[in-house]
Amino acid sequence: MRLNSVGQIALVAAAIAYLLGVYFASSPVWMGFTINALIVAVIALSWNITGGFGGLSSFGHAAMYGTGAYASAILQVKFGLNAWIGFGAGILAGAAMGAFIGALAFRYGLRGSYFALVTLAFAEVLRICASSFEFTGGGSGLQLTLAPGIGNLQINDRTVVYTALLIVVAAVMALTALIKFSRFGAYLIAVRENEDAARALGIDTYKIKVQAMAISGAFGGLAGVLYLQLWLFIDSTVVYGSAVSVEALIGPIIGGAGTVWGPLLGTLGLHLLGEGAKHLLPNAPGLNFVLYAIVLICALRFLPQGLVGLAGRVGPFKKKENDNA
Amino acid sequence: MSSLILPAVLSGLMMGAVYALVALGLTLIYGVLHIINFAHGSLLMLALYAVYFLHYHLGVDPYLAIPIVLPVFFALGYALQRGLIAPMSSGSEQNVLLITLAISMIVDNLALYFWTSNTRTADIAYAYDTVEILGAYLPLGRVIAFVAALAVAPLLWAFMAYTRTGSAIRAVAIEKRGAELVGIDVNHTYAICFGIGTACVALAACLLLPTFYVTPQVGYTFVLVAFTTVVLGGMGSLVGALIAGLLLGVIESLCGLFLGESLGQIGIFLAFILILLFKPSGLLGRAR
Amino acid sequence: MTFKIDRRDLLKASGAIAATLAAPSILRAQAATVKVGVIEPLTGNLAYNGTQSAAGAKFAADAINAAGGIKSMGGAKIELVVVDAQSRPEAAASAVDTLVQAGACAFTGATASALGLASSQAAAKHNLAQVFSIGTAETIVQRGLPNVFRFTPGVNKCTSVALTNLKLLNEGSGNSVKTAAIVHEDGPFGSNMAKIMKEELPKQGIEVVETISHPTPQRDFSNIALRVKASKADILIPSNYLNEYTLMARALNQQRVELKAIYSILGGAASNIKFVRENQEVAQYVMDCNHWYDPTKEESKALAAKVADAKLDLTYDIMVSYATIQVIADALERAASDDRQKMIEALAASTFDGSIMPYGPTKFVNGDNVNSQPVNTQIRGDKIELVFPKEYASAEAVFPIPAKN
Amino acid sequence: MLEVRNLSKSFGGLKAVTDANLDVPEGSIVGLLGPNGAGKTTCFTMIAGFTKADVGTVRFRGQDITGLPPHRICELGMIRTFQIVQPFAGLTVQENIAVGAYLHHHDRRDAMSVSREVGKRLGMGAMLDRPASSLTIAGRKRLELARALATGAKLLLLDEVMAGLIPSEITEIVGIIRQIRDEGHTFLMIEHVMQAVMSLAETAYVLNQGKMIAHGPPRELVKDPSVVEAYLGHGAAARLQEGSHA
Amino acid sequence: MLEISGIRAGYGSMSVLQGIDMRVEASEIVALLGSNGVGKTTLNNVISGFIRPSGGSISFKGVTITGKKPRDIVALGIAHVPEGRKIFPNLSVAENLKLGAFRRASSNAKQNFERICAIFPRLRERLGQLAGTLSGGEQQMLAIGRGMMSEPELLILDEPSLGLSPIMVEEMFGLITKINADGVAVLLVEQNVMQSLGVAKRAYVIEQGRFVMQGDAAGLLADPQLRQAYLGM
């Protein structure tokens, strides 16, 4: 997590100040809104592994998100297992789904828009399957029994939920940083930048890409499980819908793909933007999305490296040796 | 059930023609600009509203709306590419995707705001008319759409094959640098292509409205199938899109008949994934 | 030190936004007002129903305010706080936070069960009452949440009443209907309904010869119409939404499917006047067992007039949403306070019978209004007539459909 | 160390490489020469496992490596570089080299220290923390070499490391290659510029039109009329003969 | 006709051309020689408008063309046949040729087409064939033919003999002379030094973005420095 400029430090500091400030704002709206944003940040961080570091832009991260949520929900609802087991299983299921999609797609060397389309198609197939089969609850979806308690991973106190999510996001970011500054991360970036050169350097690029999909899938599954435990209800559109896939990629791209802070910053920024748009146009549902989309287009045009990249240009530090923080 | 196979195949073909019509514009844009146009469904919706309102307010028959709607949507598509997508995307494929997404967000929500979410159907005298073919009753509107698709795909193909603009589009699609070398204005050609693609969607709207409804969400009903059609037919292949559209219509219809309508949809997406995995170039596409 | 500044800034910022939110209400707040929430999907795929419901709530609030507001609170006016649930559960849940912040005493919503489940659960944490306008899933009232009040009938009651009525109708026609085909959307309500029908119809001597589920959206109904035709069913029992119902009706007509009756339960289109207007021919004699108001009441007639003035379609969403605001207003009247806990108590004790719905006095048992009931409507000409129960009926049922010459 | 036998490859109708044979003894520097489009790079891609040869075998240290994927070949100790050098843009110079070092040093600290050491050896000590994308052409060529060296490979296939360099830079890189060789590495290098090869290689092979037309010490090769003609065109040998007499 | 003065250009921070001055007169063949990666292709791309130079200017027939778009430069009469040919493989030979006249939809396009078919009889035989299915030499001919379709006064040929068999190379140089004989000036970038100097009137030798030798083709051929540059002897 190295920050290279005054701007980046200020940006991160602002985000941290905001996240801590939520504790003191004593506003359920801010807390609720930030809780939603944090769950989205987890799926954004998931996308960031493959899309950011690996240069593999997926358009179907809902596949992993939904699989995590459904796996956990099915185990709890149909098999009566404890939520904590479901939690772990959801993460594993997400990882398995990621690895499966990756194994198939990369076997045939798919990349670019083809990869995006295949992932999109996978999410769609899963959505249709989930709404068609009995054990996934069909179109009715799955509803967890309301039974608050830490044993069931159902927490009523919102401050506790918020704190837990902050810890989860911090942990996922720490893992991201760990990956970024590890052999695996270096390999993944090498694959993104130049796959042939990477192969020449002894990297099994297929394996690396599938592993990246598995890790990304685990994070995606985690996000799905968090959603499930928070709202206790899922159906096929809610967790496999393309809205999830869009949210997964939009945050990192706006925040700065392939950075540790980008996905969180982008997601928070976009949610704040959405909330702001809603307040600017309170009596015109829908028009807030129009405003949001316009700002999004401008951001794409004027922030080529995302928020982190923009901030990086504000007061950059001189390079010192040994600045691997 | 077996007595239903023939009518099912026929109605699949009719529906498939609509998929092909929607996919024609998409395949053109996809094949030439190499971008995934996520606004395609929203543009279809917009065109359906245009046709609907022409009928509702001015009494223009949807089929007679074609000469009005087509040029307008061509201009719209041209302007979108030239004025918005190209300048705002800075040449990044990922950005194009997100910009088309943003466009669809804008169009959808403006439609919702101005026209509300009411379902509208055009009150047309022949809406219930059918044509009897091989003992099956086929809706007249669908038969017209089928015939139109069969006519339009070759027309478009001929346009691409035999006109100066057509060959410029094909040249830009495959060898951008070479096209620049012979003096083709690549950005203009891209925009023309986007315009034609959008005009195709408008045509699909004219042919679809008599047998369908329009809501601000109606685009999503067709857009994913259209993507499938494009990939199945081979990126950029117009004739491929036509064949793939018809094929998907039949697959969907037969899978729906035998597996149930819900699960039948999976047939389409399985076909999609299989084709992407094993023959990414599609039925009539070139290996890339 | 810096930390304090951050906190203060943040409070200021959130205050500013809260102020912009509340700005319109402050202007109107010269007379005492009491805030009632409305959480409906105004965008996304449920936008149509959500927008209709929100409109219904507004008509009710206007009517109550025009009649002097909440008298026990010195004629306080009802001010609606409408929040978009975006057709997504988490947005519905977040909307509750907005209501709490705005100071709502109770709220109504939320069109789809998935949204309602999420919102009521979130509201439980704030002890905020939700009076469900529409929320047919039985899980809504099975969670033991004290803040949940469902004014309208759930899916079980709707189907059982529908079955009872169907039995009466069939007996009246000399049991002319012997076989049935079910066409349902594969979502929660359609699937549930189909399941119950498949179990219950045989008990009435009606054999289910075909069951077809389809997704939403479904683009083509030709196959479905053909299968219904091939099954030679006497009666078609559809459960789907307006768009699909429209396409289905057309396909049935085009494929020349002859039926003795079309009898839908909570049908999206059969109770939609626009469908009736635009598809008169195929809509004739279609019956629906659904939420519907008591058309004989003066207030109902007034509502119908206002809806027509506003150029809206008079759908059941408007009616039930109107009625739930009436229920909330009654509870406010008795609680004489906008305290959330007092509202829950007042609602729990509700015996209100002044709503526009054809119900007896309200009685919430575990949050479910045991005196609610669906009614049967039938399309006749360009009107939707109420045919069952008899005491509210505006027309005599026609069953089976008279044969065409 | 490397034995290439009867290697052939055609693309469509075009025969890119026909029946190529080649030997690289351990500790030597062998050149692979030829004009543009002669098939040199195609040879490399086949030897290093990037494309499958139609016919022929490749043996490395006695082991048949024909058809192995590139990463397996690299693990065995043979690595190729690319003509167009593209550093991994998101990484610093040191991290770039570390991508190579990670092959046998899984721990980041080890890999980073190996890469620092390799970088210093190649005279890149001062730029280790700079973003790789900021390097000049010469810097990139060095980085490419450093990255390859960091994998611990013993045989390096260099594809035109001198192209685009100015004479002083060429002299430097020639020195570096010599130094690495003396540390126990073996080189097979594609060069278009014969000048560079002359000063480095003991033996060279000349490829023209996909065929090996000559091999031997470079100094003799430049006198070989067939080589001269391959380079300068038909009739060049005779003209040159004339020219040197004039 | 073509005047280049003080051209500097590069990619990003990398400078490739460091002040190039050259000229090409009407109807002459000028050879541009030099080994790989010294900036020959960059110079061509600057002339045809693909790369914006960071300094210097180019004029063609007295008109400044620096900063003009490639398509406008084509219209002025400079045709660029690039390295790698950049033909349209999925279009037929005839379509490729017709597109060459894209900026000159004039009445003599047909006449010009016939003229080119006459110069390249092999292309005439394959008019209906997809360009991608041609052999390397034929593709090169097509690329040149396509360039000729714009009726240029200056033809820039980048490595036309690359990857061709010796017989094809002979044929190619024969064609270049033939084209030149029609009055078209040719800027020839080649590695085939002997043959280039054989057809060219004048030549420039470029090294590291600078000209190190220039002058009469015949004179250069005899210069031992040239051998040095190429063969290191």
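Observations on the model:
Going by the order they are written in, the chains are A, B, C, D and E; count residues from 1 in each one.
Here, a residue touches a chain if its C-beta (ideal position, glycine included) is under 8 Å from a C-beta of that chain, and two chains touch if they have at least 3 such contacts.
The structure displayed is predicted, hence computed values, not measured ones.
The fewest steps needed to get from subunit C to subunit E, moving only between touching chains, is 2. Common neighbours of subunit D and subunit E under the contact rule above are absent.
In terms of C-beta pairs in contact, the better-connected of the chain pairs A-D and A-C is A-C.
Relative to the C-alpha centre of subunit D, the farthest chain centre belongs to C.
The chain with its C-alpha centre at the largest distance from the centre of subunit A is E.
One simple way to say how far apart two chains are is to compare their mean CA positions; for subunit A and subunit E this gives 52 Å. Centre-to-centre separation of subunit A and subunit B, using mean CA positions: 32 Å. Averaged Cα coordinates give subunit B a centre that lies 43 Å from the centre of subunit E.
Rounded to whole angstrom units, the spacing between the C-alpha centres of subunit C and subunit D is 75.
In subunit B, the residues that touch at least two other chains are 109, 112, 260, 262, 265.
In subunit E, there is no position where the chain touches two or more neighbouring chains simultaneously. Multi-chain contact residues of subunit A (touching two or more other chains) are listed as 128, 131-132, 285-286, 289. Inter-chain contacts, as defined above, occur between A-B, A-C, A-D, B-C, B-E, D-E.
On subunit A, the positions that touch subunit C within their shared complex are 17-18, 20-21, 24-25, 27-33, 36, 39, 128, 131-132, 138-141, 143, 145-146, 156, 158, 227, 230-233, 235, 237-238, 243, 275-276, 278-280, 282, 285-286, 289.
Within the complex, the subunit B residues that touch subunit C are 1, 3-4, 7-8, 11, 14-15, 18, 109, 112, 116-119, 121, 123, 127-128, 130, 137-139, 211-213, 215-217, 220-222, 225, 252-253, 256-257, 260-262, 265. Across the complex, subunit B is touched by residues 48, 50, 70-72, 74-75, 79-82, 85-91, 95, 98-100, 102-103, 105, 146-147, 149-150 of subunit E. Interface residues of subunit A facing subunit D in the complex, by the touch rule stated above, are 181-183, 186-187, 189-190, 192-194, 196-205, 258, 319-321, 323. The residues of subunit C lying in touch with subunit B in their complex are 43, 45, 47-48, 51, 186, 212-215, 217-220, 222-224, 226-227, 230, 242-243, 246-247, 250-251, 253-256, 274, 278-279, 281-282, 313.
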